[in-house]
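Here's the structure we're looking at; comments come further down.
First chain written, first letter: the chains are A, B, C and D, and each begins at residue 1.
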Amino acid sequence: MKAKVVGQPVQRLEDLPLVTGRGRYAGDINFPGQLHMRVVRSSHAHGRIVSVDTSRARAAAGVAAVWTAADVAELRPIGLREGPDAQLDPYLQPILAGKRVRYVGEPVAVVFAEDPYRAEDAAELVEIEIEPLPPLMSAEDAPGEFDSERGTEPLVIRKGYGDVEAAFRHAHTVIELDLSIGRHSGVPMETRGAIGRYDAARDLLQMYGAAKVPHRTRDGIARVLGRDPAKLHLYEGHVGGGFGVRGEVYPEDVLVCLGALRLGRPVKWIEDRYEHLVATNHSRQQRHHARVAVDEQGRILALDDRFFHDQGAYPRTHGARVADLTTGMLPGPYQMPAYRVAAHYRLTNKTPAATYRSPGRYEGTFVRERLMDAVAARLGIDPVEVRRRNLIPKSSMPYRRELDAIGDEVVLDSGDYARLLDKALAGVGWDKLQSDLERRRAAGEAVGAGVAMFLEKSGLGPRDGAHATVDEEGGVEVLTGSASLGQGVETVMAQICADALGVDYRRIRVIHGQTDRIAKGIGAHASRATVMTGSAVHVAATRLRARAIEAAAGLMRVPPDALDIVDGKVVRKDSADAISMELADVAKSLSAEGRGAGLTAEGWFETDHMNYPYGVHIAVVKVDRETGGVRVERYLAAYDVGRAVNPMLIEGQLDGGLAQGLGGALLEEFEYDERGQPLSVTFADYLLPTVREMPMADIIISEDAPSPLNPLGIKGAGEGGVTAAGAAIAAAIDDAIGIPGAVTRLPVTPVRLKAILDRAADSASKQPPMNADRRR
Amino acid sequence: MEFDDTLDVPLPPAEAWTLLLDIERIATCIPGAELTEVVDERTYKGKVAVRIGPVALSLVGQARLEEIDAERHRVSVKAHGSDPKGRGSTEAMIRFNLEPAAGGTRVAIHSDVKLAGAIAQYGRGSGMIQSVASQLIGQFGDNLKARIAAGGAGGQGAAKPISGLTVLGKAAWESLGKKR
Amino acid sequence: MKPAPFDYHAPKTLDEALAMLARVAPLEGRVLAGGQSLVPAMALRLAQPAHLVDINGVQGLDRLERDAGDLVIGARVRHAAFHRRVTDGPLGALLAQVARHVAHYPIRTRGTFCGSLANADPASEWCVVAATLDARMVAKSARGTRTLSAADFFQGAMTTALAADELLAEARLPELAPDTRFGFQEFSRRAGDFAIAMALATFRLEKGVMVQARLGVGGVEGRPRRIPEAESLLEGKRPGQETFRAAADAAARSVAPLDDSRYPAAYRRDLARAMTRRALEEAA
Amino acid sequence: MKIALKLDVNGREHAVEVEPRRTLADTLREDCGQTGTHIGCEHGVCGACTVLVDGEPVRACLMFAVQAAGRRIRTVEGLASREGGKETLHPLQSAFMEHHGLQCGYCTPGFLMLAAGTLERNPDIGDDELLEVLSSNLCRCTGYKNIVKAVRAAAARMRSRS
């Protein structure tokens, strides 16, 4: 047998074009005669559209067309990805706003011109008169009016199990917290882009710039246009990062398609950074009122949470998925005898929100782990010990919760949570770390450490398929319905195929994101690609191997079980140097005999449950008491992925996720003024971490608990770097300033932290109010 | 955003009041302002040019005298304007309150300015906009004094954008200081 | 995010430049130097000048030399020029240290020292240097030449005494005595971000006490300035924690900070105190 | 009104006609066909459009094409050396591949040119100064760790060569 590449940190197949400037991103795609589209957006957060005057814009140089809502009246709004939803459909965003605007950045008109500069010139000439209405800027405020018939709370998600009331009645201690997670988002370095093109000869509509879920997006756009999906093809080129926000259906995707259809010329739209920050999905913002009941040992008896999910102005393609995932994943890796949650899904006059890497878990983990730290502080138990006492033991796996997440019953497939906690603590040298910090605090430094544990989910079913084919030159093509957002899908699929088939992974071409090549595909989201598509590739490649050996056995006149495939050659197991046959020749002979489709095989993988990777984050921070500044000195992320196909890529996923998690914990926030004007519309105001804000993190990739749900034991690795960053940083800051429970809101900006420190200083300087009362 | 400024007018309240309500004359004292049309005795159309560094805005719109309380020498002006180049719009409610003071009248000015569009969204802007607005008011006061001193001769600074050219920095910073 | 149209002028001599500026100034004409602040404002279409007079090709504006006790910095001298010490002695060292805080390397290779002064952003490091060291600004126009003190030059947030037809041709920084000590401290959210507060302190020691003490604060108010209330507490005193704290408190008391939702006045005041004390400690 | 000018991009002359307002970034991509230079923010913060002008890294979105006439412009397409049909990668390019210094690859050309402009000038750059330089550009995928590793490795290789 040849050394396996699955499990090896092999170099990526993707890289060469990307380091030599040969990438083909949406912005790099051009067609002769193309028009450039510019969207005219609302500058008011809430208001009635009085008039939209496009006459000056239409008269401007190089302008082909200007449309308003009236011109696209026949279009249906963009529907939810999972299909019609009686509760949310009445709230869907129109392609162009006609009567009301509900957030700054909402598309009101669209200009088509000869070049992007002229398009922007003309867009400035569109005069929109809006009668402002009072904006609703907080999901916690009493719901307001969405329209004359509807309020701004489309739904409340309620879940739970066990006798919560009894648990709280008999609790030794009850702890209640008010916690907020800020509004931030994926913000990939490449903004969105879409190029629509109509091939009248074949009545074929094409859109370039697809990402994430091209097949779903095709169906979504087809529904809006009332077009047969078979006559709409989407093409994914290189994609400059997605993180959940890119690749969903947005009004602009529909508009380039409609433009190409109506104007008979290709239409190109490239989002600019201002647009990206006000028009592409936001995420995360929630406010939780959470209570936990515990016994004297700090064991959780019940968790009761009521939270407000700030959805922004409209539901987007995910509907209520983020709020739902929050409710389904909140209990995390802990035993929780009773649980009750109510998620108030509310609309506000902000940019609409949807999924961002680790949706619902980043939020929920912050809430749950803040509660654990509070329990530890209240009962005077070590925070690590409190967690240990509540962890679900390995012996209870698989562990069923009377709960569902996005419609999938929560059954934790495998895990040894306590063991990973030990690995993480050993990884940072926890005991020595504690004594070092103690010494430094004694010397006046505000330094501290925090631990947070979390549960992730991946491999959402139900099924995915792949084709593997050996061509007559011996090249192997793996055809998938997956998508690449830069995470290394091609390399990972090639590795899996290489081992199953017996060829060098570098000879394998992986196709993804082309809706005209394969009928179905789940794309790449929710850490599904490696689990679902990877398993399908494994099945297809295994079948392909069997077919090749069977065919070769006939040709070589040896029994199949005497044969093996090594480095693309069919060889005899007993004497590898004896007669052998190139896969290319097997392929040739098959097609010569005209047998079937040549040397090819199809593989499908189905699963009825998600699987659950899990992790531990440990943060060490230093606080500047005078400025409220926070420096992350050290960070460790430990993650159990069941089986690591390419450890180098997984470490990269965790490092990258961590940067986003720390961004949301310390820097990134979409701010608004009281009128609903966004204040984070440039990269000077929306603060992404630079190398200077990032610690050189330690990563532990663990393979203790392979998933029993797929042949390779894989769990998705895309999100574990993000999930607990907010929670770990909050705990570390509390520890550094010596104020348990100080951090209740993310991000922890210098101004907010300084305010916390000042309040503490004040109350310390004042006499305790008790005495004051007695004197009266 | 809301902020307060004061300016001193070397006239007794009664006279200051009459002057203040003589919009066509007052307008010439507003830095960068130009009166383009008198709609009625309470409504006026015009434009104001404002510069913040490289950003030269011209806000076109109208101002209306909302409440005029001749007894207590109070007047409130409601104004709205927008930049023809689409960089934003503003709604403002400005209350003037005249009270006798040493050397004449002290005019307390309370401004409630609401901005929309690009000018409102520049994250670092609001602090700077407030300081420039106060510079405006400081300069308005100086123009007013100059005009009174000149016995009602044409005011300076009319239809000239506030900028490094025309702001008397010191006065502006005093008025900024008075805010706290 | 594409700039609005403008007419482009690239004069080769100073006289051509000033003549051109005189012509286009009334028509919303502006000087284009490094463009690292102007061009972003144009990309966002906040700034829409009708004419740009590009001075990058104008001879003689790249002067960077000592002249009559001053360091003369011409309008074309880039931030990056100060990475290396441009004069031996404390001034060169001070400028080299401050330069590392000015945005980022690829910005410093284009942006100019004089451009920062003319833009007068409250967060500009060079503006604090100019204000603290009492730089003199040489403004030229077709009408003639005038020299302005920093105190007169900086008038408010992004507001200077420069007329629209004037070019800041050069800035003159007085050389510092060889034994001058200095400290510069700044607080910003990320590496290279706009400073929320900065302090620059310089003094000499004579018989163990501080003399010619200067303290400048930037980012806090609309414009950078020296804080006499703090300087007077340093002059003639021995350097030490107590003195530095007193000076820092005085600085915090005497500033009238910018106030916005993101960084309230009280916070900027606290930062002014912290940066002042740290700058003094660094200098000592 | 368009202006005719000649741009020297990676040693090749490109004759273009552009409006004065056209940025160097757009001109390189749309008029010279060099799409390796990416546009990430167009206001000078992200650094995806970083190119070398006369050897110095600059933001191509903050320079107008008319200002680049007669200057030597180097983009990611010119980073590898070519002899005959053979392409030899720049040490930075190989190092980014070996150390997984890229994921989506969108910020990569900017980082490569930033680092090239810095290391070719000063391969002995101190680590703190190197981090300061690298903080000029934004990456959203890697968390920077592997970019730093790659640039350090390339620096070592370039030192040993020079």
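We take it that a contact is a pair of C-beta atoms (placed from the backbone, for glycine too) under 8 Å apart; a residue touches a chain by one contact, two chains touch by 3 or more.
Model, not experiment: these values are computed from the prediction.
In terms of the stated touch criterion, the partners common to subunit C and subunit D are A, listed by label. Interface comparison, B-C against A-B: more C-beta pairs in contact at B-C.
Distance between chain centres (mean CA atoms), subunit B to subunit C: 30 Å.
With centres taken as mean Cα positions, subunit B sits 50 Å from subunit A. Chain centres here are Cα means. That of subunit A falls 43 Å from that of subunit C.
In subunit A, the residues that touch at least two other chains are 116-117, 124, 272-273, 671, 673, 679, 682, 684, 690-692. In subunit B, the positions touching at least two other chains are 85-86, 118, 122-124, 126.
Touching of two or more other chains is recorded for residues 1-5, 40, 42, 44-45, 190-192, 194, 261-263 of subunit C. Checking each pair of chains for touch leaves A-B, A-C, A-D, B-C, C-D. Contact residues on subunit B toward subunit A in their complex (touch as defined above): 85-86, 88-89, 91, 114-118, 120-124, 126. Here subunit C touches subunit B in the complex through residues 4, 28, 30, 37-38, 41-42, 44-49, 119-123, 154-164, 194, 221-223, 256, 258-263, 265, going by the rule given at the top.
Chain contact summary for the complex, subunit A toward subunit B: residues 43-44, 104, 124-125, 132, 671, 673, 675, 677-682, 684-685.
Within the complex formed with subunit D, the subunit C residues making contact are 1-8, 10, 35-36, 39-40, 42-44, 52, 54, 56, 80, 100, 104-107, 109-110, 190-192.
Residues 1-5, 40, 44-45, 187, 189-194, 261-264, 267, 270-271, 273-274 of subunit C are the ones touching subunit A in the complex.
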